[in-house]
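Lettered A, B, C and D in written order, each chain numbered from 1.
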Amino acid sequence: MTVPSADTLLMDAAEVDAFIAAAFPEVPDDRRSRIASARPGHVRMTMMPDASHLRPGGIVSGPTQMALADHVAYALVLAHIGPVAMAVTSALTVHFLRACPPMLLTADARLLRLGKRLIVSDVQIWTDGPDRPVAQASVTYIVP
Amino acid sequence: MTVPSADTLLMDAAEVDAFIAAAFPEVPDDRRSRIASARPGHVRMTMMPDASHLRPGGIVSGPTQMALADHVAYALVLAHIGPVAMAVTSALTVHFLRACPPMLLTADARLLRLGKRLIVSDVQIWTDGPDRPVAQASVTYIVP
Amino acid sequence: MTVPSADTLLMDAAEVDAFIAAAFPEVPDDRRSRIASARPGHVRMTMMPDASHLRPGGIVSGPTQMALADHVAYALVLAHIGPVAMAVTSALTVHFLRACPPMLLTADARLLRLGKRLIVSDVQIWTDGPDRPVAQASVTYIVP
Amino acid sequence: MTVPSADTLLMDAAEVDAFIAAAFPEVPDDRRSRIASARPGHVRMTMMPDASHLRPGGIVSGPTQMALADHVAYALVLAHIGPVAMAVTSALTVHFLRACPPMLLTADARLLRLGKRLIVSDVQIWTDGPDRPVAQASVTYIVP
């Protein structure tokens, strides 16, 4: 049996995408966020917002960004612990840093701690470039 | 002009509901969360989850609960500062405490701080009773 | 063996105080925070700040309040799981709500979740009265 | 008058150190944390823990790390807004990632948002190297 490690992926980007698609069959294919890349300790996901994701003023809503932060952290967890385990979010903290324009969102998740039970990741969401994040989140998953 | 105060509502429950409905016209009427009650320092909102709100295992997803926490905090802010001001979420921290069954969700928001610029609220979401919350959140709004 | 439960204390206030005093022998007796009361699901601790706890302006510093929030949460954990287990803080979120005057601080910790591994509590710190908290915190302990 | 910007420091490391020393005269000189470097958007602080900072097991306590996170964020704020303004912490979230050995602590603060009123920073504390943080924190300061 492989012991999860921050230095090794147990699933690659395509495998995680397929696992999530099977787990959430009701999400239409054209509305899924996609894993753009996965490497040990890091997963990048992208998402194109549509009208349902906007709030007054035409900016991307907070709940949309929180859902994306949760999803990319889930993908990061799966990539490192594999498809067997059932993981659930136990806590999430998000800071909204600037108004988020309705453009392609990129979410970068970085592994901060891969414990046997608790997995903590740092997420940055950006549109213009990674040095100007629109949101920063800390997401904790618990592996039961 | 009325100065916002934790002791006075500037909008009642129906006014806040109508304001939110006008601000988010694309949300279908039968999928809105509703304000069940509003009094100084407190707003209660309820929401009936549907299939789109569930995650594998048939429990209510984390993003659904985060969106509800954000909404009830927004309603609490509006009730206390009135319909004029534009308020945006600046930070949210949520703890998921137990699996959330697909039943009517009740979200209780309580005002912790009503500053001129920062409004902090505590939110508890529950299904079985207020003493067994499924989630607890702290939500900060900023009034520009 | 007793299974920890939110409905039962495995240590009373005096036992928790004695356990903490033995675990932190270097803290002088007159500078300890004290457990004022303990009942299932709740622990109250008090602390009198001295000059070393103040920041410019003569108000109680943030780190002082964070340490108190951590301590009362630790006492809550010990009271419910007993003296055997080794518990460490895994996360803490605090909101400072108003300036904290240099008076007796009361910290009320309430159990939100008592899991086998994760214990989440809500803490409110106040001086004037429990309905005007100076700080609110969420504290997560992990039991290894 | 200079408008604060993430691209410019209004105080250098020595000026911030001197400002903090004058503001907190009761902290003995040999127990201060020191600014190791300051550049636009970043401040690094170091601190050598002593016996009073340890918890059972000989590891650096959570409150010690929280205080350090708050201090380095304060230094980051001062470096960017200058010595005039009065800034206070409004919120702090910390995740403890691994046991912190009693060695020299380095705290790296990075500016996430420099608003007119809210300043959000990300802090990583480490001993062995920046890629193995012992704690990650988000710290929000408010400028009154």
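One rule holds in what follows: a contact is a pair of C-beta atoms (placed from the backbone, for glycine too) under 8 Å apart; a residue touches a chain by one contact, two chains touch by 3 or more.
As the structure is a prediction and not an experimental result, all values here were calculated from the model.
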Remotest chain, chain C as reference, centres from CA atoms: A
Length of the line joining the C-alpha centres of chain A and chain C, rounded to whole Å: 33
Whole-Å separation of chain centres (CA-atom averages), chain B against chain C: 28
Chain A-chain B separation of Cα centroids, rounded to whole Å: 24
Shared interface positions of chain A, touching two or more other chains: 90-91, 93, 95, 140
Category of the chain touch graph - line, ring, star, complete, other: complete
Complex interface listing, chain C residues touching chain A: 90-91, 93, 117-118, 140, 142
Parts of chain A lying in touch with chain D, wherever the complex brings them together: 93, 95, 97-98, 112-113, 120, 122, 133, 136, 138, 140
Chain A partner contacts - residues on chain B that touch it in the complex: 23-24, 26, 51-52, 55-57, 62-63, 66-67, 70, 88-96, 99
